[in-house]
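Take this structure, written in structure tokens, and hold onto it; I'll ask about it next.
Chain nomenclature is as follows: A, B, C and D, assigned in order of appearance, with residue numbering initiated at 1 for each chain independently.
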Amino acid sequence: MNIGIVGLGYWGPNLVRNFAALDAVEGVLCWDQDPARLATVVRQYPKTRAVGSLEELLRSDCAGVAVVTPISFHHPIGMEVLRRGKHLLVEKPIAASVREAEELVAEAARRSLVLMVDHTFLYTGAVRHMREVMEQGGIGEVYYVDSVRVNLGLFQHDVNVVWDLAPHDVSIMTHLLGRGPVAVSAVGVGHLNTMEDVAYLTLHFEGNVIGHLHVNWLAPVKVRRMLIGGSQKMIVYDDTEPSEKVKVYDRGVSIVSREGIYRTLVEYRTGDMSAPKLDTTEALALVTRDFLRAMQGGGPPLCDGTAGLDVVRVLEAADRSMRSGGALVRMDRP
Amino acid sequence: MNIGIVGLGYWGPNLVRNFAALDAVEGVLCWDQDPARLATVVRQYPKTRAVGSLEELLRSDCAGVAVVTPISFHHPIGMEVLRRGKHLLVEKPIAASVREAEELVAEAARRSLVLMVDHTFLYTGAVRHMREVMEQGGIGEVYYVDSVRVNLGLFQHDVNVVWDLAPHDVSIMTHLLGRGPVAVSAVGVGHLNTMEDVAYLTLHFEGNVIGHLHVNWLAPVKVRRMLIGGSQKMIVYDDTEPSEKVKVYDRGVSIVSREGIYRTLVEYRTGDMSAPKLDTTEALALVTRDFLRAMQGGGPPLCDGTAGLDVVRVLEAADRSMRSGGALVRMDRP
Amino acid sequence: MNIGIVGLGYWGPNLVRNFAALDAVEGVLCWDQDPARLATVVRQYPKTRAVGSLEELLRSDCAGVAVVTPISFHHPIGMEVLRRGKHLLVEKPIAASVREAEELVAEAARRSLVLMVDHTFLYTGAVRHMREVMEQGGIGEVYYVDSVRVNLGLFQHDVNVVWDLAPHDVSIMTHLLGRGPVAVSAVGVGHLNTMEDVAYLTLHFEGNVIGHLHVNWLAPVKVRRMLIGGSQKMIVYDDTEPSEKVKVYDRGVSIVSREGIYRTLVEYRTGDMSAPKLDTTEALALVTRDFLRAMQGGGPPLCDGTAGLDVVRVLEAADRSMRSGGALVRMDRP
Amino acid sequence: MNIGIVGLGYWGPNLVRNFAALDAVEGVLCWDQDPARLATVVRQYPKTRAVGSLEELLRSDCAGVAVVTPISFHHPIGMEVLRRGKHLLVEKPIAASVREAEELVAEAARRSLVLMVDHTFLYTGAVRHMREVMEQGGIGEVYYVDSVRVNLGLFQHDVNVVWDLAPHDVSIMTHLLGRGPVAVSAVGVGHLNTMEDVAYLTLHFEGNVIGHLHVNWLAPVKVRRMLIGGSQKMIVYDDTEPSEKVKVYDRGVSIVSREGIYRTLVEYRTGDMSAPKLDTTEALALVTRDFLRAMQGGGPPLCDGTAGLDVVRVLEAADRSMRSGGALVRMDRP
């Protein structure tokens, strides 16, 4: 089987490398608008072959195509990929708007093709472990999920910081909670041009659960930290840690008695902390394997088009909220 | 000179200790509604004397009184202190509402008495250093101030997490920026009772500066971290560090050229980091000295009643915003 | 019961505070050669009373005396305390030489008096937890214990860095291993005067266990870290951590097969890490309680004179090794 | 120009990648005794070509050869490389004994060929910065260099932990100090087989400077930390930090006056800390460039054969000291 890759910027070569490492993949057809970059990548990895144009790649016999371009190209190129009858893996976020994402989902459904989004983090050992713990009720009732994803740059030219960084946190949060938010609000500020470079998103989930994101291109240090509070346990997920990325704290707080406001007795519980051993398989290797598995009829991938669409719904709602002074935007899902 | 202390819970004894350490203070008159606690504290510190009632303390010859009670008592006891002609130091926040705070400010002004709020952090070596740097334009144009203040407990019974923790961050931010916000929005959720235990506040300042606070009683770990982004330098202030609490990063980002959205060239600059040596004098010692200085006619304290009132304005606006789904609340200052 | 305290420098006041907090203690008689310091401490703590001379303290009715002076005074004052029939608690190390320590042990035995050394760390929740785990074989066969205790100052005037800092690590190591070393070697260098300010000690234990200490007064940062390697688990004990001081790693390494040197297969095992909840009772409170318990006939304290003597044997051997170019000094214990 | 690489285990492929990235290098001839590994590496990198045997590689036209094999092969293969008139880059340590290293140095000299050792760390931005600071006397008089290099595995089969890990620290120390030690002592213990897996080395330098290394294959955590104490400044170099690897502390200690042992006044100075921006060029890229520069007649490389020999002298002395109970071994250099 051959795989096509469109776009060889920062992330594309990683997909090339991982697809090339799969036994079932015979060749990796590559294309980028920059011929020099294309030549460099093809020289660097085995099984690769450069094609002269996007059209050539689309006409080739590759069964699936990964689109790893700037976001605004996800929809036009992705639609073309699907129309040529090829399975589609799109870099996150799936598209630049809900409408675009819906069209991709509809087109893939119509043609019974795989549509997958590369929300890589869902395949990390850390997120898989947390998902497993939370799915089994291991932290009790969930109170909140707080995520900070900040660093200096990398500025994207065509989207704001929300569309660049928040897809990670939104996909992780909704994956861990097993549901999307019912309402979203956001504030953001742009300091260098009209696009927001610092933003805060609040995701309101049913059951009094609050999700919050801080995404920032102007921070002096790199922070990738998620706090998850539950009635029985709490989690700190720090992706910058070389090991012990996930720490589970046997800590909780509960109401012991309520006898009027001054008599509410709150009990704190503090027990051991443990950092589980995590699977360290490269997440992107699992992404490419899941794509192949789905292409071979093994059922939908973990992050299918609908999951990707749900993330874009949140991003678009956040944009709308930012444009209206942080107003609450309800998610009216079909 | 004698000083009176009302309230000997968690923080009161620290004020007793610091006032007792001042040469100009002859005696420290103490009162708490719990006789056992009162006896313990008086036994523990020199110069102290227990009084049998609040009335006895107010009738005594002490020149100034510190009110270190639950917030709801700040106004009634504080007003009584002022009416008896004594200078007043109030624990933060100055009062439980803007109206109450205004009355305290007005009463102190009418009687020409010192009214000071114990926003302790403003007296720390860390905040004083940052203030100095920022006042001199040392980080360039300020872009944002982001503050995280989370830990497990301590639950207050009479106020939510915003009134408990945010006074610190609001006072630090407005002090560092030299101005208050023009609008405030906030979201918060309460999980254990009706009061919010997790909350996020956004402070909008003039000049496109955004301030953001995360305050949380339900976090498994203690975080006290402030990020400050400027056009020329950026600061990380981590109060949990035993030393090197303030790190100044010679990092910046600027627009090099604007030739359409895809051609905006952004330049990142990364230089040295430095952690200045900070004065380690106990902040509360400086608070008590400043109160005495002001009582002795040395001019208003760093945190006078008006500064305390400004903080309460923000807290009240945050409460209002939380009650209305996170709506933006404009600060209409006189 | 009354307790006497001789020496109110850095550590003495902590003993005063903890003895004063015990119900069974009626009065704490204090003496220091510096009258100003004596007055300050007595004013600061309840139950205290200053005495005019060491002789007055020794003549008083106090049942036990804590000697918290520079090391060279431990023996002369301690001997006098015992001769007056009073129980004795000595700051670590118990004395300035093996001979002195032996005399103290012998004198206390002759008079059936309690002789205890304040090896405070043995009473911390961290060390007690590690001791419990290791006593039960919880880390398998012990391979090594490595300890680093460095910071800038505090220079002692009468002893080198080994006698100042190493008593902590030596007492912890021998306590955790349940036995003393069979041989000791050490190297040290003095840069500011003739006394060593940087030193490394190696303790050889039976069973191929190696203990190593790095003690240093000239380090820019404070490090208090112990690594313990076992065949089944490994421990990192970092005393500078505000919480999670002890981390137990489910990690090991074992020989799978030996088929010649190039065929030795070594298997690494990496599992979870866990940080147990530790008792946070102040260690010095437990020290004072243990002293009282022993005084009241409750059996010898955890750190009795013999334990203190064993530590001094190691320190003296280290000195001897340092004077002879790091030569191995065998411990010939009776 | 063609370059040959012998040995494609853990480190070899990194050399392949870096040589292939150099414009002046036309082809990289690779050989490994494991045909599968050879095939994988050659497929993975551009410019590469597999040869069928070591003999084929030696007969080829490559101008220089990198030997990246287990240590015991450095000398036999390296000698053969030199005898064929090719420049030689050897992985660290240069050889398994002083005698072997001397033969390599002599052979290269006789044939006027470049002999270089891959002490990679000397080319890192961190070490280069520290070298520059220290060369200019920037930390004052040097007191000590303390290095900890511990982790779990990787066990080498043919050498102990000293020969595996200590070459890094020995080469860094002697590079920073600009001279080798005058005497060496070491203690080590082997727990899994006869080879030491935990060891401590002490390097005595002229001028009362002490160097110390802790190397360990059995540690639960990875530590790569060097402390350097000077009379005016002190350095912490932590190679596990993603950024701010080098921190320079404006801290010092000095004798103010000496009036008898109890009157020696020591003054501590604590100022700012700063973490310089470091060049982040991959060190191995600089290694390969330096090798090429030297091959092209640009003068000896930073780490020439003599430098490599000096490191092996220290390792051999450490071995000898370990075999004789930690005795001091004097370095009798020609």
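Criterion: contacts are C-beta pairs under 8 Å (C-beta built on N, C-alpha and C of every residue); 3 or more make two chains touch, one makes a residue touch a chain.
For clarity, every value in this text was computed on a predicted model and none was experimentally measured.
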*Please indicate which chain is farthest from chain A, where distance is taken between mean Cα coordinates of the chains.*
C
*Counting C-beta pairs in contact, does A-C beat B-C or the other way around?*
A-C
*Determine the centre-to-centre distance between chain A and chain C, using the mean Cα coordinates as centres, and give it in whole Å.*
52
_Length of the line joining the C-alpha centres of chain B and chain C, rounded to whole Å_ = 41
*For chain D, which residues are shared contacts with two or more other chains?*
270, 273
*asked:* So in the complex, the part of chain A that touches chain B is made up of which residues?
replied: 141, 143-144, 146, 148, 150, 152-153, 155, 157-158, 185, 187, 189-193, 197-198, 200, 202, 204, 208-210, 212, 214, 216-221, 227, 229, 231, 234-236, 247, 249, 251, 253-255, 258, 261-264, 266, 268, 270, 273, 325-328
_Give the list of chain D residues in touch with chain B in this complex._
244, 250, 270-277
_Residues of chain D touching chain A in the complex_ = 43-46, 222, 240, 242
